[in-house]
Structure formats: structure tokens, C-alpha cells
Amino acid sequence: MSEVQQTDLLIVGAGPAGLSAAATISADRDFRVMVIDEFPEPGGRLLGQFHEERNHSWWIGKIVAADLIIQNTLAGVMIQCGVSVYGLELLPDGWRVLTSKGDIRTKYLLLATGAAEVPMPISGWTLPGVMSIGAAQVMANVHQVKPGERGYIVGVNVLSLAIAKELVVAGIEIEGIALPPDDLFAMEETNPVAAIELLTRLSDAAPAPWMRWGGKLAQKMKLSRLIASCFPKKGVKVWDLPLQLRTALVSIQGVDQVESVIVADVTRSGEIIEGSQREIEVDFVAIAGGLYPLAELAALAGCPFLYVSELGGNIPVHNERLKTTLPNLYVAGNITGVEGAQVAMAQGRLAAHSISYDAGWFACEEEPKLLDAIAEVKEVRRSAMIQFHPEIDSARKRIYELFEHWM
Amino acid sequence: MTTESADVVIIGGGIIGMATAYYLAKLGSDVVVVEKGEIAGGTSSKCDGNILAIDKEPGFDSQMSLESQKLVSQLVMELDEEFEYRAPGSILVCESDEEMEAAEMWVNRQKEVGLPFRMLDRGEIRSEWKYMADDIHGGLECATDSTVNPVLLTYSMAVTAERLGARLKTHTWVTGIRLDPSGAVEGVETSSGLIRTKHVVNAAGVWSKPIAQMVGIEIPVEPRKGHILVSSRTESIGTRKVMEFSYLMSKFGKERKVDQLTEQYGVALVFEPTASQNFLIGSSREFVGFDMKINVDVIRCIARRAIRFFPVMKDIPVLRSYCGLRPWTPDHLPIVSRVEEVPGFYIAAGHEGDGISLAAITGKVMSECITGQETTISIEPLHYNRFKKEAGKR
Amino acid sequence: MRHVNEGYIVCRCEEVTGKQLEDAYLLGAITSRQLKMKTRATMGACQGRVCRQLVNLWLSKKDQCADKGVEPLSYRTPIRLVTFGELAGEE
Amino acid sequence: MRKSLRINHHPLLGEMDKKVISFTYNGEKLQGLEGEPIAVALLANHIRILRRHEESGSARGLYCGIGHCMECRVELLGKGQVRACLTPLKEGMEIREGSRLPNAITGRVDS
């Protein structure tokens, strides 16, 4: 049998939330913090992200991750990568976490498992060369290998535009960003009107000036139908991206791997215009269905859930201090709802203060720190460059209310 | 709330209930099945799919299994949908000379009553099972044992019964059983209304005890939990069922030579290949009430046991685990019986791990019993009376 | 041409197409559990991580009041790829 | 010789400083960077086909990139099935694509 490891706080997920939480908890000699992750190196989604800030400087996730890793190392945190967690169990004195490298016993458990991508089936999507947009991002930005020379992106949302921009910076040709076909598997935002409504919500981060300035106006005046009608069929260049809101990707072609895509023009409600189909040669396709919180471990633990569409899916019930309804179990980052990495980092810091407050280690100092951390999460969310959803605050309140109800 | 009527109301949409419904519908009875969840939503979907004689005592037990095997082979023709039926036989393997001796006695007794059993020596095991551990001494075979996909068989019986006029009421639960002044069944009260009927079959499996209590009858059916692991798609390890002989050793008054956890959780190797290029690995036996959580220590123990017999499995991924509750009775035989004290009340429950094996024969004899025909096999040994004293003692 | 080519794969692991879901549905598999048992959708290597939400979505569009028949968050150990050897604790 | 897919001079992320090592895929000797996931090393060699579906034989490759979808399973000598998106490349690894398998139960024999 593999030996059982013991720790005081185990953090599952070495991404922005997990690493921030670990770095924040002081490296007290009697307090052991361990971070584990399935990926071979720590950093999570930080490793693949970069974007231009309002002041035109670049926020580069890899550098942020490297800084967090150094902080963790100095604080004596043990980070173990390449470890898969396949189960967990509540014991009288804490948690037993089952991993591919043996069991870990811990008093406190923080789940910072992030998000996964919503699938979007398209004819031909099993061909090698078709990947989720997150996978394309990991290839290009984390490992610096192009997912292909020329690609097509299907799905118009915050994530697809942000990553498309990153791919272009890396020197990859993007032939188009189009809508998915509107069929029985389509979620939302599969027609031009819905896509424009979504883009107008992006305010500051919107990829075209007319969206940035006109976003609020368009929302207020319900101009999206008009804009959708006016949107040129050949698309527009935004952020140097060929955004095609009047085009749907119909199918992906190839024998053993992607060789081309078939696209077609659509009406403003998303119906394909007969005869407009055309074939475009590409060697990869990235599918962008959006993100949902990855909460399997919380489900396995027995957490109650609430479906919150503004936050991307089923969320384990928790309070503003990121405590779940189960003993000594906390959540931080995208598992609590899909938002950007900076919010996840602030949540990680909050979770750290919440745990040390509950543990009573530094009781007299911890309460003000905890309240500050709560305020900081809100501030980071308010000023974030990429706003994932305008109703996040009220959506989160619903979860906190449910927590009070459960307790 | 509505009121309807039927010749027979069957409580439970598992494999026993659906087999009973099918055979009754085939005889022209007007049948309603009341199921609290989905068809095959309980034990029938949380098991493996065998119709076995290999582990049955020669005599009544094995005769019942053989009859069921025959009926299932006919069902392949009779039912509307396919259910992955095969009859490749099954084998038991021995870890020691002591087990080989016991196996030989077992085979001889089975052969005496004319059953297709035979011993397999080490060489025969090796040539059929290239991935079996080298130190396996040999084993035995029962040539007629068959296998099905239990959920598909249940669905198929349900679909065919419906075509023959049976009505299935899922997500409907029984709240009471109405008796007339003489104490005979006159209806079943459900969450969606009353069903007037003179015949009720309690086919509620692990939940049959509380159903029987509704008419004041005590039956000693208890849930016994079992875990199963499923592999991912992999190269074929074998094409038929293998079990370890050692769990039969108790029948010979001998102890199993296994570690304490294996003994405690009742873990014994059961290997069953499926048509989907994967295999099921069982199994365990525990009394833990209605707890349906996966017990990690149990599935670990099952994984260790599997690797002991098939070292190659060490590197094969586990796809999922599941557990089910088997309806146990003290003598390991089901209750397939009328209840004289409550005219019109019947029990077809308590099949423990033999629900799939015995569903067809159970459904057949139930249908015969209710319609007043002579039963295909005698069901006296399955009468609920045999537990009356015991239930009284409790 | 709203329903573009429903013959394509929905469940990647078990190669179940929209057409197969449709056929099973027409033959009476009207809950997601029945669809799963009849077609094997969600029963493959990823254990429905990719397609479970698609099958549920398809069914809810098919039938507004479909009884989905599964708890959307039912998960069982192991939730990650683990071999019999790793589970057994043998390295 | 096809153009390498490696991004050697990323304008914001700089260079990768990892050691070049050798491994084999389906018997062919290839080079990759130490520690990068197997799927990445193969992609850099223009190899996208990681396995064939066990039943149908259809080609499959990397899909989710985070160990979630199980599509990228390859055979690693001495280790069995591994996810190519998560398994770090090491010197001398012998890797084979996941193959179509005969089905002993249904009797389909081609592989």
C-alpha cells in the first residue's frame, strides 16, 4: 500500500485561487499546507493567459504564476503536481482525499478546481485537430506549440474572443470566428442577435469600439436586432480578429484529421441560408462553448448545489467567506462561479483568511483581515478588465442566502 | 387522483416485476406495474447479468436455474428488443489443491444429476486465459451458463409487456394496500390514485418487506450491499464469466484463506466481459442497511482481488464503480409464493444475487400461480411459510 | 434547415449520434437514464463529462416536461482516471 | 520538411528553455522537450492522431487538453494507457497510439 500523507490544509488545484490561498496562509511551523494538481506543473489557467490592460501594459499570467510559486516555496508550501484526485471522504477528524499517488489526510480542505469547457457538438468534431478553445490556448501559450497553422473558431463568447486574440499574437492564422449551427444541441447565443447581446455586455473588454461605446446604449435601447441585421456577412475585423456573426460553422471535414470546414451564412435568427455553404481550408478548429464550474469533488463530498446560469452552471452552496455547508470544506475560484483569474486570486486570499479565522490560529488579528479580503474580492470583481456576466453580484447573493438557509 | 382497475397489480418495476408482467400479459391478464422510480432503476441496474447454475446446490436450486436458462433462451425469440444474450458457459477457478479437491466433489455431485459440469486442469485454464495468474491450480466449468445485459432484458420485457397490454406507472409509489372485510386484496393505493384489483404481486425487491407489512405480513428480506467495478474498453481478457471457487468453500464447511478485509467485506472475484469491450469486476457482500455510498475500502479490496487473479489489470483503467442492494433472505432462496392469510397477495422477492438468473422462471411461475395453472416447477420450497416461525421469533 | 445533420456524434467515447438518440427516443427511451442505457451515451471513458449535459439539453428541447431521470450531480468514486493498480494501492 | 509548429519567439512569452530529448511514437524516433506533455511533443512533430476508437477505429486526438475528456489516451510502454495531455515526456519513452481492438464478444475481428 502507498503511504498515507498527512497535512493540515490540502488545496486541490494549483491555479490562481489555490496558489493564492496557499501563499496567503502563513508558513507557521506547526501548520502544513499542501497543494496538489493533476497538471504536470503548477499555475493552472494562469499559465496560458495574457491580456492588455487599460493602460496598454500586458498582464501575463505566466509571470503572475511564477511569482505565486516563489511565494509558496518561500512559505514552505508543498506543491505536488501530476496527482489526480479521484475521490474524497469526510472523516470525524477531517478529510481523506484519494489520489493516484495514495491517500492524503487533511483537517481543512479547499477545492480550487476551476472550470471546464461546455461541449458543442458539430459534425466532424471528433477528428484530430478539433479541440476545445482552452486546449488551443494551452498548446499555444503554455507549451508554445501552435495548435495548427490556420484555424477556425466556433462559438462567440468572452473566452473565444480573448483566446482568439492570444492565438493571433502567437502568430497563428485565424480564418474566422463563427457561430455554431443552431440545432438541438445548441445552448444559447447561437444566433446573431443573441451573440450581439452578449458582446454588448462586455463593455470595456469589448473587442470593437462600437461595442465598447455603444454597449450600454445598445443594451438600453435594445438595438441588438438592428445591429444583427446590419452586421456585414463577411464579418468585421475586431482586435484584428475576423468576427463573423452572420456565419455558422456547419461541419468539419477531413479523413483522419481536420482538412477544412464548411461554413454558411445565417439569417439574424440563426437559420442557414441555402446555397451559401462554402469550404475553407484549415488545419485546426477550436470549439468555444464557454466555461462551467468544475465541481465534481464537491458533488462527491455531498455539497448541496444551486444552478446559477450567470455563474456558468451548478455551484456548490457556500457563504461569502467561501465555506461550504460541510465541515472544514472550502471553495475558491471558478468552482464558485466563472470569472477571471484576478477574481480567483482574490478569492484564494479570502479563503486563506477564512480558514485561519475558523481555525482560530490568529484569532485577534484575523477578523479584520477576513473582512478586508471580502471587500477586496468585490473590488477586484468591480474593476476587472473582463466582465464575465453583469449579474454576478446578485447571483452570488442567492448562493449566500441559500447557505444561511442550509445552516 | 384517479381510480382505475386491473386484474393484477405488480409492485416493483425491476426485473422480477417486469418478468411477472410479461408472462401475465402473455396469458392475457390485464396488468398494471407500479414503480416508485424508473424501470430497472434499482437493484436490476446495479448488478451483473448472469444466469448461473455453476454455484447452485444440485437439486431444486440448480433445477430452477436451468429452467430459467431455458426460458431466457426462448425470450431471445419472444421479446421485442435484443438484450445481449450469450450462453458461453462459466467457470470457477481454484487457488489451492484443497480447493481443487472440493471442486471435484462439487463437479461429481452435479454430474450425478446430469448437469454439464467438468473439471479444468491447469493447462486448460492457461490455454483459455492467457492473462490469468500463473499459480491458479485449475477449475471447473458449467457449460450452459448464460449472460445478458440485465437492464436491456428488463427494458425488453417491459416493452413487450406493454405491447401485450400491460400498463407501466413509473414515478408512482404505493401508499397502501386495500383489503375487503374478509381480508382479501381489493385494491392498491398509489401516489396517483387507487387501482382496484384482486391480485397484488409484491416484487419490490429490497423494499418488499415494508410492502408486505402493509398487509400485516413479516418477511425476512434485508438489503445486502454489493459493489462492482467497470473497466474501460480494453483488449479482451476473456470471453466468459470467471469466479473464484473459494467463496463456495463455506458450503464444504471450510474457511476461505483470504485476508481479513476480503473476508469482512465478503469480497470474491467475479469477472464478466461485456459486449462493449470492457468487463465488470465484483463483488462484495455487506449488511449496511440502505446505505448506497461507494465504500472506497471495499472497492480497493475488490481491485486487489482482481489483480491477484489477473495481474494484467494493474494497468487497466477503472471506468466507474457502482453498488446495489440485493434482497437477501436467511436461506438464500427467494420467496415466490401466494400468501394464504391475505387472499390475492403474492410475493416474488428475496432473490439476493440471483434476481437476473431466476427472473424468467419466477415471472413464469407467478403468472401460472395467479391464473390458477399448474406451475412449471414446484414452488413449495419457495413458500413464505418457511420463514413464519423465524419471523415470529424476531 | 434548422436541424443540421443530426447524424453526427454526440457522445464521443461511445460514438453515439443524435440520430441514435432520436431513434431510441422514438422507441420509448424518454428519460435520460433510458437513453443512456439504450444507446450507451455517457457510459464511456469520460463518464459523461463531455456529453451528459448535451444529452440532457437535447432531451429538454425534445420534451419540455421531460423527466430527466438523473440527478445532474450524481458522481461516484473514481471521478478521475485511475487504474485497478492505483485503486488497489499498488504502485 | 514541414515548418515547425513550435513558437520559438513569442512576442510576450519569450522562449521555452527545456532540454531536447528523444522518444519513439509507433516505433518512429522523434524529438521533443523534456517534461512537456506527450501530446504537445507529438503536435510539434505534426502528429495529431493519438488513438483509434477501440470499436470503430476512427481517428482521435487531443480535445480538452486538461485531462477531462479522455480522448488523448496513448499506450506508454510499461505504464499502460495514459492521457497524452497530462503525461510529461521523458527521455526514451516508447509510445504507441491507442489502437482499435477486436471485439471478442461480438466477434468483430478486424483491428
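Just so it is clear, A, B, C and D label the chains in written order, and each chain counts residues from 1 on its own.
One rule holds in what follows: a contact is a pair of C-beta atoms (placed from the backbone, for glycine too) under 8 Å apart; a residue touches a chain by one contact, two chains touch by 3 or more.
Source: prediction; values computed, not measured.
Participant: Closest chain to the protein CA centroid?
Facilitator: Centroid comparison flags C as closest.
Participant: If you take the mean of the Cα atoms for each chain, which one ends up farthest from chain A?
Facilitator: B
Participant: Between B-C and C-D, which chain pair is linked by the larger number of C-beta contacts?
Facilitator: Pair with more contacting C-beta pairs, B-C versus C-D: B-C.
Participant: In whole angstrom, how far does the Cα centroid of chain C sit from the Cα centroid of chain D?
Facilitator: 26
Participant: So, what's the distance in Å between the C-alpha centres of chain B and chain A?
Facilitator: Distance between chain centres: 46 Å.
Participant: Quick one: report the Å distance separating chain A from chain D, using the average Cα coordinate of each chain.
Facilitator: 25
Participant: Where in chain C do residues touch two or more other chains at once?
Facilitator: Only 12, 15, 44-45, 49-50, 76-78, 80-83, 87, 89-90 qualify.
Participant: Could you say which residues in chain B touch two or more other chains, in rising order?
Facilitator: 232-233, 276, 294, 296, 314-317
Participant: Indicate the residues of chain A shared as contacts by at least two other chains.
Facilitator: Chain A, residues with two or more chain partners: 38, 84, 87, 98, 116, 126.
Participant: In graph terms, nodes being chains and edges touches, is this line, ring, star, complete or other?
Facilitator: complete
Participant: If we count contacts the way the header does, which residues on chain A are in touch with chain B in the complex?
Facilitator: Those in contact with chain B are residues 87, 89, 98.
Participant: What part of chain C is in contact with chain D in the complex they form?
Facilitator: The touching residues are 12-13, 15, 44-46, 49-50, 80-81, 83.
Participant: Under the stated contact criterion, what part of chain D meets chain C in this complex?
Facilitator: 53, 55-56, 58, 60, 63-64, 67-71, 73, 80-81, 83
Participant: Would you tell me which residues of chain C are touching chain B in their complex?
Facilitator: Touching chain B: residues 14, 27-28, 31, 33-34, 37-38, 40, 43-45, 47, 67, 69, 76-78, 81-85, 87-90 of chain C.
Participant: Could you please specify the touching residues of chain D with respect to chain B in the complex?
Facilitator: Contact set of chain D toward chain B: 54-55, 79-81, 101-106.
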